[in-house]
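Heads up: the structure comes next, in structure tokens.
Chain nomenclature is as follows: A, B, C and D, assigned in order of appearance, with residue numbering initiated at 1 for each chain independently.
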Amino acid sequence: MNSFGTLFRISIFGESHGKAIGVAVDGCPPGIALEPEDFLPDLRRRKSGASGTTKRHEPDLPEVLSGLYGGFTTGSPMTIMTWNQDKISSDYDEFFRIPRPGHADFTSTVKYSGFSDRRGSGHFSGRITWGLVVAGVVAKRIAATAGFSAKLISAGGSSDIEGAVRKAVQENDSIGGIIECVVSNVPAGLGEPFFNSVESVISHLVFSVPAVRGIEFGSGFSAASMRGSEHNDPFTDDRGSTSTNNAGGINGGITNGNDIVFRVAIKPASSIGVAQTTFNFNSKKMDTLEVKGRHDTCIALRIPVVIEAAAAIAVADLMQADRGIYNAERKTRS
Amino acid sequence: MNSFGTLFRISIFGESHGKAIGVAVDGCPPGIALEPEDFLPDLRRRKSGASGTTKRHEPDLPEVLSGLYGGFTTGSPMTIMTWNQDKISSDYDEFFRIPRPGHADFTSTVKYSGFSDRRGSGHFSGRITWGLVVAGVVAKRIAATAGFSAKLISAGGSSDIEGAVRKAVQENDSIGGIIECVVSNVPAGLGEPFFNSVESVISHLVFSVPAVRGIEFGSGFSAASMRGSEHNDPFTDDRGSTSTNNAGGINGGITNGNDIVFRVAIKPASSIGVAQTTFNFNSKKMDTLEVKGRHDTCIALRIPVVIEAAAAIAVADLMQADRGIYNAERKTRS
Amino acid sequence: MNSFGTLFRISIFGESHGKAIGVAVDGCPPGIALEPEDFLPDLRRRKSGASGTTKRHEPDLPEVLSGLYGGFTTGSPMTIMTWNQDKISSDYDEFFRIPRPGHADFTSTVKYSGFSDRRGSGHFSGRITWGLVVAGVVAKRIAATAGFSAKLISAGGSSDIEGAVRKAVQENDSIGGIIECVVSNVPAGLGEPFFNSVESVISHLVFSVPAVRGIEFGSGFSAASMRGSEHNDPFTDDRGSTSTNNAGGINGGITNGNDIVFRVAIKPASSIGVAQTTFNFNSKKMDTLEVKGRHDTCIALRIPVVIEAAAAIAVADLMQADRGIYNAERKTRS
Amino acid sequence: MNSFGTLFRISIFGESHGKAIGVAVDGCPPGIALEPEDFLPDLRRRKSGASGTTKRHEPDLPEVLSGLYGGFTTGSPMTIMTWNQDKISSDYDEFFRIPRPGHADFTSTVKYSGFSDRRGSGHFSGRITWGLVVAGVVAKRIAATAGFSAKLISAGGSSDIEGAVRKAVQENDSIGGIIECVVSNVPAGLGEPFFNSVESVISHLVFSVPAVRGIEFGSGFSAASMRGSEHNDPFTDDRGSTSTNNAGGINGGITNGNDIVFRVAIKPASSIGVAQTTFNFNSKKMDTLEVKGRHDTCIALRIPVVIEAAAAIAVADLMQADRGIYNAERKTRS
């Protein structure tokens, strides 16, 4: 249940304060030029350190255990990992007496009967998305003709993102944000009409990213207020170009060759310094929780590259499936 | 690629004006009392005929080909279908010279190299969701302890849904809407932290429903404008009850036992009577398209039961997977 | 659990005396010329009627419910079925008081808690392989460059198959047999080194056919008695041709371009007229069972076309997966 | 394509002379007591060093990167690996000019376009089965009520296994063997009638083990020479016990509660010291190959524990799937 993909298949593993975190990537073709350094630019975008993100310093250098030889992918399964360092586990002890509101402390205890590694939020840490970013770099090479670009377009309800973060830092609180992702140069014809619609596959991966609350394609929720006559995207040529893109590049679950456009809502991080009144599972009474230690004021700042990775993984998988079933057999009916 | 589920697995088939449409359901346990008539209440909710929906009259009586015997499910794969009737195919001929803006006419031609059954939009017709509703009825029996309820909460941007529909009918245009779905009495612990988060599985299915543009859980897109101190849901007892439900019943991808709440944005149907300027793929020039025939002013009116079905299918599949891996082995660490 | 395949995906449904039996085929590309009549030659090979097979007369005409239009596959899911006729259910009533030795009467009751459709052995009937043969016809069109040929090479331990059958008919007993299948003109490079080795995928499908007791590739069980120096197949050209074929066309789980060769052991059918001493689950005592009604003396006579179908389904799925991951990216390292 | 399982899901990675080899295990429930040392007994059984196996000395100590905490499984994905040591890569260079007959040298080059890591046979090395054995240890804990036992019952055609190995060592040749595996105390009801029959799932995994040429269940290939009256296993009590076990514990693809019994044919290893005449892909002429370096005279000696692991992984996966779909819903029809 902790893997994704049809032919291009990934699974991520690790706990925040365990030995290592990483990702297994299967279905990568051989002959793709790739060096461990190639992962660094995207990993740096995910890195903490900037204002509004945790002070934790993560070198996060990837170690490629398999599937890479002589500067090229071999076609065999790749496992890529990084060792955990800079671990301070004592911060997290009390969260199972007083589970953090909005966090997975409670659900992980129920799910795993109390056996989960609770240190640093364990397998539920945002840190585990390291593996998604790494797999995303591989996926971008597979879907090399397409372009992937995600960025934060608002934070705390404001397009002045820096200002919103500064204010929230002062208040010891956290804020959410909205990320927009654009995938350009996608061939028309990817996706399936029902269970593997492009939206299905992308949303499946995007909701694997912690803190995501919603996703919308093209005109998204505003489509609900529109009329067909304004929402429909008129075609302007026989390659399927449209003058507007309310469909977000997808009709009937299948790419139409225009940019895939989607937006993702990120909630404010649940770990905040502000005091919260919540239930104490030991005393069986309401209690006050103040989360100490390092945390992200605006986790959304670090997520665009993760969303980009999710989009790339989805597109790589859709491309391979489409080629497998349709391409060599694609004939045109006159 | 046209199936979904891990243990409870469904696939839908059929073309709008072909012989039949239907659904294959695998992984249904034996001994569930079920008669063909039990599908009718949900199928009626999906039925057309009301103001704002197409005039096409669909009896849609389900014929159970397998997996049901003596009033009970047998445990073997179920195939349930209905014959197509009341087919007027001539309406659809021109849409491949002038593909309807916003519709799958263009993408289905690319995807299937022109071999798709174009009559009545073929496999891309909303009619194919009949199978989802039927599978949803089975899923609701499997997830029998949970309650599923979806309803249209706005149309064309207004909560006066009837008024909005009436106006759009007069204008020969179409409108979208927003559907809210609540799943109650869900056990805590369903879902997986990453690739099979509850949101991942539900959104995957929901985006299999034609005309869906977005989905949000709990506070959804408004979470992006909130602070952690207002967004976090305080616990109020040791069963995980919370005083607010911004998380939509899900923390870290796993149910917390509160209601799962999500909203879905439905776009206005692309087939409209209003004249549209778009590309003519034959003449290679811009042209005017007026879509004749029967169509839905507000397709969102018919979709709540489909969304409900998607939620039920997701929850049934998650329940079975959770029981398979965790239940018999669930021990508590003292 | 009752489906198979990665991209080319099939599932079979139906009970022997239920309404219908059939198969769902997903992942078939569009544009393949196919008519319902095209299924008949292979279905006739599976048909009963000859000496040594049951007298039951099955017309078995396929009805294509979806995915076929204007003489070509559309690319959408295909469901193909046939109605059950000529049903005499009373024969089977006693088998749940005295489960037939060697039959699924006992295990199906345990598995499905007594809710299975027991008439005519229900979903456990060899009749359900009709769907495999139908899917095999589609698969052969997808893997059109390859040739598939399976035949019975011995029955009851003898290569005089007709004689062996005649003798067993006289004795009111049943006999087994060995089927050999050859797949020619397979491209080198199909399959994966471990979990989707060519042998893994073929054996998975072959053991889905009732009455199969074993499978061996190339030299098979005799390899266990051989030395490496006699077992190794020397290459004779740079396309990978070998002078012997002990490997059955597969090295390291991957096709080497020589014929895939495998043999399948078929057990004697469990329903026999000879009296058998076995346990009576009602009286809780040993009892005597004489199975009345129609049954196959040598079920192996009807199975070659089913094994051929299994091989074709496996090869079609492997071809699509290989093309999806490798082909378009296949580069040669100088 | 390089993973296996429905709920209990494994994938193996690594190249023989790369950095590391290992396995990812998903779907393991939390709370199973497990220490790295627990893997050693089975790993030792796979180890080389005895007469008839390669001299290569492998410590093979497992390093658990994730999913284990405080002596118990956590329920999160486990990645378990070992570092490669004692690597002498020069032995393998010539095998791509003169591919070893019977080996994957040729097919891996075709499959991966020459980009595979050829050192030590790379991902095609028998060494990669280390991960299967490790996953098998986890699987045995999940299927803890069952017993798994595999042993070599003949080598080179003889039951005097030591003698056969001694003779082959003298001749610088290799020999094959037959392994028998017995799974005891399996509950009745596991497996599915068609695509996930117990035989399908076990054979799929067993053919993932390099050097396997055939598999047979119960009476196996000898069933083809038997009559139904001798092959049928009479029941002796109402728990499904049978007086013989020609069915190998499986009827209709489903366990009947008797021992699962199967035998596996292992071919002689392809790397032999004896001179072989085969094609030289450089000179484009026939040539003579003498394989130097360390190799196994009777690789079958090391494979029983791998087959046992394959059986355990299959049974664990079948148990979880069965419990997920059937158990909680299992009702008995009176």
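Methods note: a contact is a pair of C-beta atoms (placed from the backbone, for glycine too) under 8 Å apart; a residue touches a chain by one contact, two chains touch by 3 or more.
Small disclaimer: the values here were computed from a predicted structure and weren't measured.
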item	value
Chain of greatest Cα-centre distance to chain B	D
Chain pair, A-C or A-D, that carries the greater number of C-beta contacts	A-D
Centre-to-centre distance between chain D and chain C (centres being mean Cα positions), rounded to whole Å	24
Distance between chain centroids, defined by C-alpha means - chain A, chain C (Å)	43
Cα-centroid distance, chain A relative to chain D, in whole angstrom	36
Overlap residues in chain B, where contacts from two or more other chains coincide	1-3, 6-7, 11-12, 27, 30-31, 72, 75-76, 111-115, 123, 193, 321, 325-326, 330-331, 333
Chain A - residues contacting chain C, complex	6-8, 27-32, 72, 75-76, 142, 193, 320-331, 333
Complex interface listing, chain D residues touching chain A	1-3, 7, 9, 11-15, 18-22, 24, 26-27, 30-31, 63-67, 69-70, 72-79, 81, 111-117, 122-123
Chain B partner contacts - residues on chain A that touch it in the complex	1-4, 6, 11-12, 99-104, 106-108, 110-115, 123-124, 128, 154-157, 168, 171, 173-178, 188-189, 191-197, 199-201, 203-205, 207-208, 210, 212-229, 231-238, 240, 242, 246-248, 250-257, 265-272, 274, 276-279, 281, 284, 286, 300, 321, 325-326, 330-333
